[in-house]
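Read the structure below first, then the notes.
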Amino acid sequence: MSQEKRVVFRSGWLPWVLLAPQAVVIGAFFFWPASQALLQSLQQQDAFGLAVEWVGLDNFRRLFEDAGYLASFRTTAVFSLLVAVLGLSISLLLATMANRVVRGATVYRTLLIWPYAVAPAIAGVLWLFMFAPSIGVVSYGLDRLGFQWNHLLNPNHAMTLVVAAAVWKQISYNFLFFLAGLQSIPRSLLEAAAIDGASPWKRFWTITFPLLSPTSFFLLVINVVYAFFDTFGIIDAATQGGPGKDTAILVYKVYYDGFKAMDLGGSAAQSVVLMGIVILLTVIQFRFVERKIHY
Amino acid sequence: MASISLRNVVKQYGHGAKANPVIHGVNAEIQDGEFVVIVGPSGCGKSTLLRMVAGLEEISGGEIAIGGRVVNDVEPADRDIAMVFQNYALYPHMSVFENMAYGLKIRKLRAEDIQTRVDKAARILELGHLLQRKPRELSGGQRQRVAMGRAIVRDPQVFLFDEPLSNLDAKLRVQTRLEIQGLHRELGVTALFVTHDQVEAMTLAQRIIVMNAGRMEQFGTPEEVYSRPATTFVASFIGSPAMNLLRGRVEGDRFVMGHTSLHLPAPAPRQGELVMGLRPEHAVPLTGGAGQSESPHSTAWPLRVEFVEMLGAERLVYGHLGGAPHAADRPAGHRSASDPNAFTLRIAGIDHPPHPGDTVWLQAPAVRLHWFDATSGQRVEE
Amino acid sequence: MASISLRNVVKQYGHGAKANPVIHGVNAEIQDGEFVVIVGPSGCGKSTLLRMVAGLEEISGGEIAIGGRVVNDVEPADRDIAMVFQNYALYPHMSVFENMAYGLKIRKLRAEDIQTRVDKAARILELGHLLQRKPRELSGGQRQRVAMGRAIVRDPQVFLFDEPLSNLDAKLRVQTRLEIQGLHRELGVTALFVTHDQVEAMTLAQRIIVMNAGRMEQFGTPEEVYSRPATTFVASFIGSPAMNLLRGRVEGDRFVMGHTSLHLPAPAPRQGELVMGLRPEHAVPLTGGAGQSESPHSTAWPLRVEFVEMLGAERLVYGHLGGAPHAADRPAGHRSASDPNAFTLRIAGIDHPPHPGDTVWLQAPAVRLHWFDATSGQRVEE
Amino acid sequence: MVERRPALTLLSHLILVLGVMIVAFPLYIAFVASTQTADAIVQAPMPMVPGAHLLENYQAALTGSGTGAGSNAPVSRMMWVSLVCAVLIAVGKIAISLLSAFAIVYFRFPMRQLFFWAIFVTLMLPVEVRIGPTYQVVADLKLLNSYAGLTVPLIASATATFLFRQFFLTVPDELVEAARIDGAGPMRFFRDVLMPLSATSIAALFVIQFIYGWNQYLWPLLVTTDEQMYPVVIGIKRMISGGDAANDWNIIMATAVLAMIPPALVVVLMQRWFVKGLVDTEK
Amino acid sequence: QTEIQWWHSMGGGLGDWVNDLAKDFNASQKDYKVVPVYKGAYDESMAGAIAAFRAGNAPHILQVFEVGTATMMASKGAVVPVGEVMKQAGVKFDTGAYVPAVAGYYTAPNGQMLSFPFNSSTTVLHYNKDAFKAAGLDPNKPPSSWPEVAAAAAKLKATGHKCPFTTSWVGWTQLESFSAWHNVEYATRNNGFGGLDARLVFNSPLHVRHIENLANMAKQGLFVYKGRGNTADATFVSGECAMETGSSGLYANIKKSAKFSAGIAPLPYYPDVPGAPQNTIIGGASLWVMAGKKPQEYKGVAAFLQYLARPEVAAESHKRTGYLPVTKAAYELTEKSGFYQANPGTDVAVTQMIRKTTDKSRGVRLGNLPQIRTLVDEEMEQVWAGRKTAKQGLDDAVRRGNELLERFQKSAKL
């Protein structure tokens, strides 16, 4: 795909007018706040913002000396990895099956698509409700099976709960994209592989899966960003970062430190770190998009 | 290498009320090492037939045998065939080498053996320097050759080709055609080749299967198909421009079409309603005759010229036999194939071409006339 | 209707160091109502030239005038032209009617006028029953006609076509070619038609512009271009199979190429290094000669046959003049165009074809020989 | 498929049915809970078949006549707020993105690259990471507790612009040329050709942005202090955050079901376009 | 009509109460309209209000839990002392009328009352009489010491009770109030009353002993942890848990929703600790008046606060919610009405609070205390889960808490 148009319209002012709304909105609500976040990361303020002091890189220093912050990095990594890997593999499995069956594919699709519409915060509530230690249906069922469910104290249970809710919510989205990706793989390639003697299993791993890689990579990035940011509502509703800080992912910590602990400088510094991570991810994604194989 | 037998092969998509029969019982015996081309218009079932041989479509009825073994229930992988697809179906994420090696790897050949086989195929196809490229870095012609390479390395009993040339541009098509032919000569493997292009069919085939609407209309050498088409369909499908097919009545030694009556150079095989065929290149214009309005000859036929197209080495002359009263003032674009006595003439050379409005006198050599039954379209012989 | 003048037209993309000149000064006067085809290989600048006439590309140098008015700085919409694109560029979301009406609507014609004009164009193009369809519901040929309809309704001074037929299949292409020709005859509008297909060019054009690498190589009638190509480029580009171009030295009445020396039927225009051209269809095989190894004639040339291709009505015979020692055992696919004395012969009829290994004796009619300067490629006349 | 393996097909169906069951289970539970009395739910195990209190629970939720912990604002009002926000966000974002993508793709002007990069940078950076200062801006503009405050800052990212740019690049050049020859100016081309052609992309983005807008949580949590401006997601959270008393799970679940219906309808009804529009452009 | 925004954290039965107060006040006059808004739990509404203040959008009245007091006090420019609001509005304001144990907590060293004591609670033991009966325990003899609690819990468990004992507000009930009740220091500098340089010391052997004790109970299933803040309250009200240490203010919700008969007992203690029981400390919340509003609005605020302080209103509130009476007059009114006799246990909170206080038991007033509460929750979760010993957990909590105190000290001095 060419990056430029051959023919362009000639006008001195029109493009500016067309760009103006977007420019105003991202200027006022993106670049200005982002620069403020940068400034604040170099400041120390009291809760009510009545006193401000420049502290240079102190906030960052404090951040990286804080074992809790580093632990939050680890938590985020574990959480994102689990969400992305589980979410992608489950939806890939489902999409592959749906792509196979031909009959009923649309029915399955319609049934599988629902959770996409559920807000993360509500997903958190739903799963919390199912796993609530005394009244939840699932925890009750587990209890009957002799399994003591307690995400209030057991960090593994808590992590399982938020991961399950996050994955559940994201499956639909992944599923749709995988299905579209699968359907765009030319049949003749699979036929050629069949003639070459490859079993269905082999065909999947040597042909389908590699050919899906652009979709998979796109989804991987989307899922990581989702796990990083959009799951805030789930965590807040289901565990509030607990037990201890075992499910406090970075964005939850930004929120907690900034809005509950009123440590604005620290929170802003965390925002800056997060921005860095996301920009890095974006650049990687863009590089890949640019180089992306157009089959 | 192996022979292929099609015995009353039937295919229908769907079941019961929604059944859509697309192949209506095809019988053909393809010899070991033979190069057979299946040709026919779009949608006539060529690909379906080929894919049944490949095992990619279930066979609804009849039997297919490869090398004497009935393969109706054999998986494609186990039929010992190789197939070249229209869009090549190269694995886009594998290098040329990997593409060719894939089938061998799956069959668990030793790495050295794979290397040897791929190298050999690459040498034959002059792909040696491209082995590390990905398909997208190749031109159309090169991709086509990789697709063939992938088929060759497998050393199969049968080669199947589904319109492998139609994605190439005209020049490359001609060249690749020659290559495929050379290759077949070299390897001697039984080959089944699908195309809708009759020129391709004529140049490549040892024998041609002409298909129409799920039926096999003729199975013969190019020579036979060209010189003795079995049906009007074959007659009009093979050869370009198409054979002139004139519908009329044989009355004694004359052929009557509406107001026009032509004197036949020899007796027709029978009297009554018939279709008479004559190829554009077989009608001989009587040299002195351009512009003349009187018949120079008792069996000469008058062609009223409407339009002449120059094709470099030759010309196509479009007109009406016996002269059609209103035809001349219609624009050429609106000539329709169903015009009863429209006639196309192909003449070589570029000197003294006839002009629109002229009458050209034609001689039809008796041996070049083809006769078909007016209702069944079947060839009628003496 | 209007004439078109190209006066020293130059185009380059980019500026300064990155400048990429693609048209190097083209001069041409196209008459009012004339149908001119621009032909040339891919990338030679045909589209660029056409698009400059349309106003879609800026003109880097020189002048373009339509109907006497210099249009260098006139917007496309104001040049009173219509253009048919290769991929038709139909608005996919509009019905056929809306597609045709769009330009008129923008020009604020009254609804009734639009209706009348579209109806008329639809009648001419037999699109009446398709007016409510969307482009995706049409076949390739129908889309092509809609694209033409969109141009016709505008009733422009000039029609521009950029390879409008190349997306059609072979049969449809021939048919549409006829339609365009008919249409031009009917409407009589000046037309500029781009193609890279020389057959199309020959059949359609009143005059042809042959372009090569941004230069105009020849501007003449199809007849002229075929019979008196101005350069080796034109000679090899026009005609299929291409003219045989033999590089050698004229020494007295002989033409010497390496070890082969041919006796010329008539004196060459000059002595020394020259390129001799002879079309495949113009070399005459001496009938009795197939299989003979002795020259039947002093000016007969021996052609060692390597390979024969059957094309229905005729055959192409590939071989080497004077006989090439090693050529015969190479597979046919690997003949290369740069082979010094490779020669292609085209013979009509299907009887008694020569076989590989035979020597065919050819007679070259003196008037059919073309001579070109060995370095500049320009035609050399007596 | 290429081969005939009924066992494999059966397995596929089994896996799919299992998948559907797992995916649907939480929703089913939510629905069942929304048809029970509050007491029935806290009995472990809670009933697994719908109860008889559907109407009263939904009525209670919609009118805010519940008696549970936390807030009891009427859900009908919240749904309206959510709907307005989701539509404003979707429409607003699509509108400004269409225009700016058009400018970037179809015009050459100074600093075009700069604009492109400026837009590109905003691609994936969600509000969450600059939430404090953004809140400040909104407050300074006196937009707290207003639809503008709830929506405009969420419009401030260029995902859609980027997507439209990608799509516009795939629109054949010939269409612009044809339009120019037909005499259409830029805006005319935009309106008559580009917009209709982008319909699937627009539809896809509408779905995504609608869901995005409807599901917002953290942002409305900050900018709304007025119960009249609570979107429904906040409403639900508000219903359970009071821990003093037993939560009215029946009402909460009724609200959750209500909150899911509009976005789910949008997704299910537009699923075809949704993927098509994205796949066509993104990849 | 002037609108007065009032942000609170009162859910359930307490929410009804707050709404009724506003409704009654609005009905009692025509000039002002108080609009109560539920803004989530205490920490959420406080965070929301601070953010709103920074954005210039604070409510007029903000209900802040007692642990937020130091933060509010340190933010001079953000709040208007209640006394001043009253004075400017010309409303008679007699600090002496308020219950001293309550008022003292909200009074600055200079004697100025900074916030309006609205719903002060203290820690008590709620227990389920029906469950006690079922377990063969005497429903009228609740456990008074921790060993008794453990014994009762064991009995409850033996009869199949899944959750014999739980607690809400771990930091408040098990450390802050626990310290005062046993007359030991929670933090230096008189638990923070003496200055910003106070540091936490709740890792004394007594504290360790108590937390260890709870951890053991947790291991045996006698103590079941039900989450942070007051989330455990719901489990007591629903009958799931048979005993709970928590706020006296839970009374309102028990009355509203509980399907069993409940009893209130004093907070348990260790009888072997000299001086125990001393007194429990104040909990609940007070109303802060935010700065930057119009005089007319402050007048409305003053009128509303004055209304809340009316003996009959305050007494009614006390009776309805279990929160302490705010003024002495209200207390006397309640006593006179015979409410305590009719509802045994409702006086427990009052008597617990009204004992004489010491420097160690006056209360806890530290900056960043909300965050300290959270980190205590975090550390204790590790202890209940058995992943840290009581000592480790407390030491870590003290260390992390002291870092917060240091930072607060720094920023408050800015």
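Labels A, B, C, D and E are assigned to the chains in the order they are written; within every chain, residues are numbered from 1.
The rule is simple: a residue touches a chain if its C-beta (ideal position, glycine included) is under 8 Å from a C-beta of that chain, and two chains touch if they have at least 3 such contacts.
Predicted model, so just to flag it, every value in this text is computed and none were measured.
*Asks:* Looking at chain pairs A-B and D-E, which one is connected by more C-beta pairs in contact?
*Replies:* Per the contact counts, D-E leads.
*Asks:* Name the chain whose C-alpha centroid is farthest from the C-alpha centroid of subunit C.
*Replies:* E
*Asks:* What's the chain with its C-alpha centre farthest out from subunit B?
*Replies:* Comparing chain centres, E lies farthest from subunit B.
*Asks:* Take the average of all CA coordinates in subunit D, do the same for subunit E, and state the distance between these two points in whole angstrom.
*Replies:* Once rounded, the distance between the two centres reads 40 Å.
*Asks:* Please work out the Cα centroid separation of subunit C and subunit D, and write it as a whole number of Å.
*Replies:* Roughly 57 Å separates the two chain centres.
*Asks:* Indicate the whole-number Å distance between the mean C-alpha point of subunit C and the mean C-alpha point of subunit E.
*Replies:* It comes to 94 Å between the two C-alpha centres.
*Asks:* Residues of subunit D that contact two or more other chains, please.
*Replies:* In subunit D, 2-3, 42, 132, 136, 138, 177, 180, 222, 237 touch at least two other chains.
*Asks:* Multi-chain contacts in subunit C: which residues touch at least two other chains?
*Replies:* Expected reply: 56.
*Asks:* Can you list every residue of subunit A that touches 2 or more other chains, as numbers and ranges?
*Replies:* 7, 134, 191, 194, 259
*Asks:* Considering only the defined contacts, which subunit D positions touch subunit C in the complex?
*Replies:* 172, 174-175, 177-184, 188, 192-193, 196-197, 199
*Asks:* Which residues of subunit D touch subunit E in their complex?
*Replies:* Touching subunit E: residues 42, 67-72, 132, 135-136, 138-140, 144, 221-222, 225-227, 237-238, 241-247 of subunit D.
*Asks:* If you look only at subunit C, which of its residues touch subunit D in the complex?
*Replies:* Against subunit D, subunit C makes touches at 51, 54-56, 75-77, 81-83, 85-94, 102-103, 106-107, 150, 154.
*Asks:* Spell out the residues on subunit B that touch subunit C in their complex, using ranges where they run on.
*Replies:* Checking each residue of subunit B against subunit C gives 126, 170, 175-176, 178-183, 185-186, 197-199, 202-203, 222-223, 226-227, 238-240, 279-281, 309-314, 331-335, 346, 348, 350.
*Asks:* If you look only at subunit E, which of its residues touch subunit A in the complex?
*Replies:* Against subunit A, the touching part of subunit E is residues 43-44, 47-48, 50-51, 53-54, 71, 74-78, 162-163, 225-228, 235, 240, 368, 370-371, 374, 377-379, 381-382, 384-385, 407, 410-412, 414.
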